[in-house]
Structure formats: structure tokens, C-alpha cells
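Chain IDs A, B, C and D follow the sequence of writing; residue 1 opens each chain.
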Amino acid sequence: MIATRALYSDVIRERWRRPRFRGELPGATAVAEDVNPLCGDRVRLMLRLDGVRIVAAGFVGDSCAICTASADVLAELVVGRPAAEARAVAAGDLLAVLQADIRPTRMRCVTLPLSVLAQALNGGGA
Amino acid sequence: MRLHEITRGDFPVLGRVVNGHPLVYLDSAASSQKPRTVIEAMSQYYARSHANVHRSIHTLGEEATELYEGARDRVQRFIGAQSREEVVLTRGTTDGLNLLADALCAGLAPGDEVLITEMEHHSNIIPWQLAARRQRLALRAVPVTGSGLLDLDALDRLLSARTRVVAFTHVSNVLGTINPVAEVCARARRAGAVTVVDGAQAAPHLALDMSLLGCDFYVFSPHKMLGPTGIGVLWGRRERLEALEPTRGGGEMIKEVWLDRAQWNDLPWRFEPGTPPIAEAVGLTAAVEYLEKLGMDRVGEHERALTRQALAGLAALPGVRVFGPPASVSRGAVVAFAVEGLHPHDVAALLDAEGIAVRAGHHCAMPLMHRLGVVGTARASFSVFNAPDEIDHLVRTVADLRSVL
Amino acid sequence: MRLHEITRGDFPVLGRVVNGHPLVYLDSAASSQKPRTVIEAMSQYYARSHANVHRSIHTLGEEATELYEGARDRVQRFIGAQSREEVVLTRGTTDGLNLLADALCAGLAPGDEVLITEMEHHSNIIPWQLAARRQRLALRAVPVTGSGLLDLDALDRLLSARTRVVAFTHVSNVLGTINPVAEVCARARRAGAVTVVDGAQAAPHLALDMSLLGCDFYVFSPHKMLGPTGIGVLWGRRERLEALEPTRGGGEMIKEVWLDRAQWNDLPWRFEPGTPPIAEAVGLTAAVEYLEKLGMDRVGEHERALTRQALAGLAALPGVRVFGPPASVSRGAVVAFAVEGLHPHDVAALLDAEGIAVRAGHHCAMPLMHRLGVVGTARASFSVFNAPDEIDHLVRTVADLRSVL
Amino acid sequence: MIATRALYSDVIRERWRRPRFRGELPGATAVAEDVNPLCGDRVRLMLRLDGVRIVAAGFVGDSCAICTASADVLAELVVGRPAAEARAVAAGDLLAVLQADIRPTRMRCVTLPLSVLAQALNGGGA
């Protein structure tokens, strides 16, 4: 039997199977996409801002369970917040929700959505 | 004795324990492991004979030059080239394809056509895209059939008097398809086109004979065939190489230089500017020696048996999709597969937790992924040191995967 | 302790006996010897961690990627680059110069000018000749003064609004001249030209700091600085690299590929198509670590002392001519010389009979040979492991040469 | 003292110091030049043919003592002979005259003039 628990927490498995924020976001006002060059994971994050406040978020991409769960949690964390606060979300905040013991080599799966968020809020390339 | 029983002890890395399990390395198509003789040949070279090659009159320089040029001779025999001058040592398949795309397209006219295929690796796509943009050429691709073969009827329709180059892979790194090189080259030649074959996935597994293949250029990467990183091979039919203007300059590729002009050196040095990969050439010789001692026929047989075993085992699993031609067709030593409900990266990560190394992703063949309608696949690939029980272990572990995520 | 007393035991090749004499290796400018740590780092890598890099989710792939990218970080610190994205790993100095000549000249207009110098290595001449022919650019060379220095007044006269690129060597591989990089770059920048510096003979001997040099691009070869063959370094100022369109394609340098177009990857991978020199990157890390442990200031000091000793000793011999700036000027670690009545190749062969390895010939600097009015020279060059008594031995042996032929 | 005798015979030393056929050959009818890529030695051989017979020979170049002596001996051996006979001169013939014990790695210094001769007689590049 595969030692899966060491790799994927229940939260990751749940968010992978039934992500809450996956899908195109019509009327997005800030969009960015990036790739993790180490594994090829790709995430595109879409935000709708009302003034400085993020009022909706969505993501699409081609990414593993960890990265998908991370993007989903990130989307949940930033909706309703001002951009400045969203920018302050850190890897630790995501890990706290994911409740997983991520190996150092997979940390970039967690952090890719964060860097895409930063790009989107900086008006980075769609 | 099966081949792995002879070879396993020769590969130091197979002693590795990964996540508490003995390493099962099924990623040789990306880069193979190295036998001890290859590793030690390079260490010995550095410890005893290193110097720069060519134009050196001291003992170490002469030794290094003989070793470097000896690799060329060894490769010549290994691939059945007519002469050593036809063997250019490059930095890899990608490097060779860039060299060829630059040099072959430099003289083409706007509207001339380059033909590739839908199953190419990015290394056999982008260099032609860059050349096409520079020279305003048309770049077209031969489609792949539903069963993963080159569509030869479409090839005939695409070939025309404007076709100048046909560049295609010998063996697909995703589908495992072995393309009919001689057949494609004959048709291309009738259309007046130069042929370039990407042999990256063929050279490690098939006995090669340049006189039978019928192509004009053939490139491959020693690091995928038990040899070192940092070196490549480009074979060119002599008259084709002679007609090619070098597009890269530097030391060693010239006979005489003035500030405003230069006279090229003879073949093959004309295409080897700068200090070449010397220790890597020594490792290449050792890799070829190792493969020749096993015998390429036997190597191919062993890997085909493993491939059949993996194909049959994986295809029988519920929720597992296997890509490429049916097992009845002779295939290269790769099996790409998908597990329903799992991202390929997770398939790889979960297998890695059991010590099994497979690759996952688009395998640098995005156009083929688009054609297959997937974002990526997992891929197991095999070499001389893989054992049947490793394939069993792979199949058993994949069977468990769907329950864990 | 003098540096060689610390280092000699680290170089396995120094145990070599050549023609009955212990090896005296004075050809490091062509390619240096390697300390044990460099050789073993690569063997260990192949024996434990080899896999292809990037896009790999298995343990070995992750290890190999960390090691490969770790080399970039190490080089970044070693040369004082602002960020790791500015460090592109190539196949050598020649490779880096070809990449730059292709990419920088692609957008230039007929009549635009590229400026090199009379003391360049062929690797910093031919790539610009090829690009100049392709784009119909004018290629001009800054002359060398009678005392072997760059003629800076001539530089000012040659620089104009048409000058797009100034490419020149940091240290001459024949004369040993250390060019005033910051000064030349400042003048070039005022003229609006991009600057490319060939650091092949500087990186092994001088502490480098990209922020002080003021150039836009800097290239060098690890095999000349105790590292392996098959790898090179190209540093580029970030905004210059960002503005450069890649001219070579393949796996790893793209984010997304369609049959007719592609989207480039981020820096630095955009300029690293195909499987990179992975084991070589591991060796490069070990070489940089070795040099950093010694301290580049101390390395340079040691080599300058040997150079002064050789210059003084050889210049004092009747019938021996020494090239390059006077000993009072700070020089690189090479001494080119000629012995009256002897062809340089015979000088090298006769010294080799005594176990002394020097290079002889045009040193890939034919235009400079024309300028000096010779067909070639002998050249002794020095590294961290050379001892003062080796220099004495060289001088004594050269003193005897004229009597033997 | 340098073990020069192992490297250079008296004949080589003599031919290096006072070559008999070194120099441009006015009115040459067959010329070829080549380089030894291993060391960079370069030899240009000039022949004047009268019908099929070589009536004069000369060489210039940038070459070591062994290669220079070899070229000088070769020129001497071919003058007065028909081209077909000249073509038949082999490395052994040169070594017999040079009376030297040439190391394998230096054999190309001996044979470079031979390959240049073959090129010249085949009408190869000037």
C-alpha cells in the first residue's frame, strides 16, 4: 500500500477532488499565469477587483494535487480582502490550511499560486 | 541469463534507496543511468591525461587528442558511418538540430517549406520555427493517426517541390512509435528534400546503420544511451556536410583567420568550434563499448520484452489509459499512460514514494499532447538494467494509485 | 606557505611521469588540470543522483535539478552577479560568444558596426564575422600598440554612432595584457554600444565583480578554471538579457509550444535549450568552491608571482624573445615566447621530452600573430598548483634549447 | 641536458637548418597546402611537371623540424620522377632517409607532406 498520507493530507485530497474556485472567472480584472519550471505545473489565476478589494477569484491550470489545492485555498483566502492584505498571504498561511507536511522539493507546488497572485496584483502578463 | 542479470551490478546508482525503497529507475528516456566503466573512464581521464585537444605537441595534449578523436572512430563504427569525417561531436540532440536548422535554412528562399511531424519533441520543432521566421519559410507538420503512427498518405500530400527539409523523429519519446525512416526518406528524396532524423530515442535501443537508413543527417544524445551529459552526435552524409556552410565560429573550426575573413577547417572539425567536450568524449567511447559488448540486438530485445510486459500490464488496469501504437507493433522502450482522476504529476509523486522513478508532464511534446487531448501523461521507460520484476512492481503500484488520492 | 604547497596534493594528474620526468604542466591557459574534489563530485553525482533536470517529480530528478540550479547560484556569487537569472549556463566561451553574436546582431541594420580588437581569440572573431556577413555589418578592430596594449585613442576614433557592439577580451591569451574593461565599457556605452567581454583568461585568475566591470555580457569557460569540459558561463545584465530574442530552440527554453509558435520560458532557462551539462554543472560548483576556499586574491597573487618569475627568467636568456607588455605592467598568467632558430612546435616537443607541457602555435589568435610578425609562439601558462621551481626548470631547459637543434 | 637524440636525428637537424627545397617555386604547375590539425603544422608544396614527370619541387610552410625535414626529403625524392612513381613514395621511404625513431604521435609530422603531395598531384586546392 502506498504511503500516501506522508504525501497528501485529507485537505489536499478533498480540494483536489472538489476544488471550490476552479474555473474561468468572467469579468476578471487581474489575471496572471505562471509555470513551475521544476515540474511543469501551470496555474492561471483570475481576480475581479472592486476598487482595491478582491471580490471574486478563480483559477485554471494544469497542476498536481498539491498545487491545485494550494491555488484553491489561496483563492478562498483572498476573496473579500483588499489587495494589500492578499499580497501578505504567505506560504505558511497556505500550509496551515492544507495541513500537510510538504517535502522541501514540493514546496514550489505550494508557492506557485502565490507568485502568480503577486504577478496578477502587479498587473503582470495575462 | 536475462540481460539485467548481467548488467545490474555495473550501475552504481542502483544501490540507491529512495524513500525507503530500492530505486526502480524507469526514466531512461529522459536520461539513462551510467555504468561504472563510463564514470571511471572519465575520472581516469581527468586524473591522468587531461589537456586541451588539437594543435598540442605535449604528451598529455597528444593523449587527449587521441582519446577525443578515438571517440569519433568508435561512434563511426557504432552507427555504420562511411567515414570518420561524417561524425561531428556536438553538445546534444538539441544542439545538433539547432546547428542543422540554422545551416540548412540559411540558403532557403521565402516560401520554401520545412516539414516536421505532429509527434516531434520541442527540440525538433522550435529550431525550425526560428529558422522559418528568419527566412520566411512555411513550416508544416505531418499528422499522427489515431493509432499513433505517422500518416504516410498525408506525408505524400504535404511533400511538394517547395519542400526543402523533412525533419522527423526516428522513435517517438511519448508514443514509442518507430517511424519507417527509410520509407520517409525515400519519399522526401524524390521530392528533392534533405532529411534530418532525430535519433534521440532510437540510438539507445536500436542497432543503427547509416547506410541503410537513407537519411542525410542523424542526431542523438549519448546521455540517453549510458553515456555522459554535455555531448552529442551529429552524423551527416559526406556530400551534405561538405555543402553546409558553418554558422558557428571559433577556435579549431578554421585553418586560417584574418580580421575580415577566415578559411574553414576540414570536416568534421569545421563544425566543432571551441574546446570540445573532451572528458565527455571519453565517456562516450566507454558507453559505446559497453553497449557493443552487450550487443545492440540483445539490448533491443531485452527492452522490447520489458515494453511489452509494461504495455500489457498497464493496459489491463481499470482506469488506466495507455498511449501509442498497439503492442502488436514493434515499439521503442517507452510507455506513456494516464490514470483516471489523477494528474500525471501526482502519479509520478506517488510512484516516487515507492521508489519508482517515472517522468510526468508534456515530455517536451506539447503539440502531440494537444493532438492526444491531454495536458500530460506519466511515462515509464526502460534500459539494459531494468528487470521484469521492476515492471511488475510498477504495474502493481499503479493499480493501487486510484484509491489513494 | 606558498599556494602550491597547499594545492599540489589535490591534483591527481601531478603524479604523472612524462618521458621519464615528473609532469610540469604549464598549459593551464589552454585547459587547466582538475582537483580531486571536482573529479569526485562528478563521479559521485553519476553514482548517486543522476537524472534529467526540470519537470521531474521523482527524487533523483529533484536532486539533479537542485544540483544543477545550485551551480547557477554558486556562479552568481562567485562573479558578483545581481541575480541568478543573469547566469546562463552554456557549453563554453566559444558557445557563449556565438550565442551573443547571433542574438545581438539579428536585429542590426546593414552598415551597423561591430568593434573587436586585434588581440582577440578566434572565438571572439569568427562569430562576429559570420554575423557581419549575414547582416551586412562592418567589422572593425581596435589595434594593439607596440607594447601589447589596446590602443585606447584608436578605440575613440573607431567608436561612432554606428557602433552597436564592442566585443573584446578581458585578458589576452597570448600577450597576457589585462584590458581596462570598465574604461572600454564606459566609452562604448557613451557611443551607445552593447559590450561583450571574453573572460576566458580572466575568470581563472582574477576576482570578478560584474557590478564593477560595467560590461553588458561576460563569458568564460570552467575548463580553464579547474572545472570540467563541456560547460560554459554567460552572464548578462538583466535588462540586456530580457531584451534578447533567443536564437536557439528546444526543450526547457519554452513555456508553451504550438506547431506554429512558442512562448519563451523565463530567464535564464530561455537561453538553455535541451538537456544541459548536468554533471558538468556539479563539477563547476566544486571548482568554484575550491577556488573560493583558496581565495581568488591569493590565487591571482600566486600566479602573478610565477608570471613575473618566468618573464624575468626567459627575457634574460640570449636568443629568447618574450611577447606582451613589460613585466612592470600587471599581466595575466601567460608568457608567450620565441626561441631564435627554433620553430615553436619544436620548442614544445623538446620541452615535452623533459616533462614540461607548454603550448605552441598561433593560440587561435592568428590576426595577432600577423600583427606580431610571427607564425606562432611557445606559451607557458600558470595555475594554482605550479611551483617556483617548475618555472626555474622551464627557464633552465629553454636556455639549453638552442644548442640541440 | 635535453635528450634530443631521441627526438631529432642528425638528418632532421641538418634538413631543418639547411633545407634544400625550401622556397617558392616560380612556374609551379601543381600546388597544394594542408594543415596537421593535431599540431597546426602547415605545408604548401609546389611542383613543376613536364608532361607526367616532376621536374622541380619546392615547399614553404610553418612547420616543425620533423615536418620540414620530411617535406625537404620528399621534394628530393620526387624530383625527376613520373607522377605515378612519386605517388608511391610512402612514410617508410621518408623514415629511411630521416633515420629517426619517430614516436607514433609525431608520425603525422612525417606524413603531412605526403598527403599534400597526393593533393597536389590530384589537382587539389592551391
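Definition applied: a contact is a pair of C-beta atoms (placed from the backbone, for glycine too) under 8 Å apart; a residue touches a chain by one contact, two chains touch by 3 or more.
These figures come from a predicted structure and were not determined experimentally.
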Chains touching both subunit C and subunit D: B
Distance between the centres, which are taken as Cα means, of subunit D and subunit A, whole angstrom: 75
Centre-of-Cα separation between subunit D and subunit B, whole angstrom: 44
Centre-to-centre distance between subunit C and subunit B (centres being mean Cα positions), rounded to whole Å: 30
Junction residues of subunit D, two or more chains touched: 39-40, 64
Residue numbers of subunit B (touch at least two other chains): 19, 55-57, 59, 252, 345, 349, 360-361
Those chain pairs that satisfy the touch definition: A-B, A-C, B-C, B-D, C-D
Residue numbers on subunit D that touch subunit C, as the complex places them: 1-4, 6-8, 13, 16-17, 39-41, 62-65, 67-68, 106
Residue numbers on subunit C that touch subunit D, as the complex places them: 19, 341, 343, 345-346, 349-350, 353-354, 360-362, 375-376, 397, 400-401, 404-405
Touching residues (chain side subunit C, partner subunit B) in the complex: 12-13, 16, 18-19, 23, 25, 27, 30-31, 33-34, 38-40, 42-43, 46-52, 55-61, 91-95, 97-98, 101, 106, 116, 118, 121-123, 125-127, 129-130, 134, 139, 141, 221, 223, 228-231, 246-254, 256-262, 273-280, 345, 348-349, 351-352, 356-361, 364, 366-367, 370
Subunit B residues touching subunit D - in the complex, by the definition given at the top: 54-57, 59, 62, 65-66, 252, 255, 265-266, 269
In the complex, subunit D residues that touch subunit B: 35, 37-40, 42, 64, 105
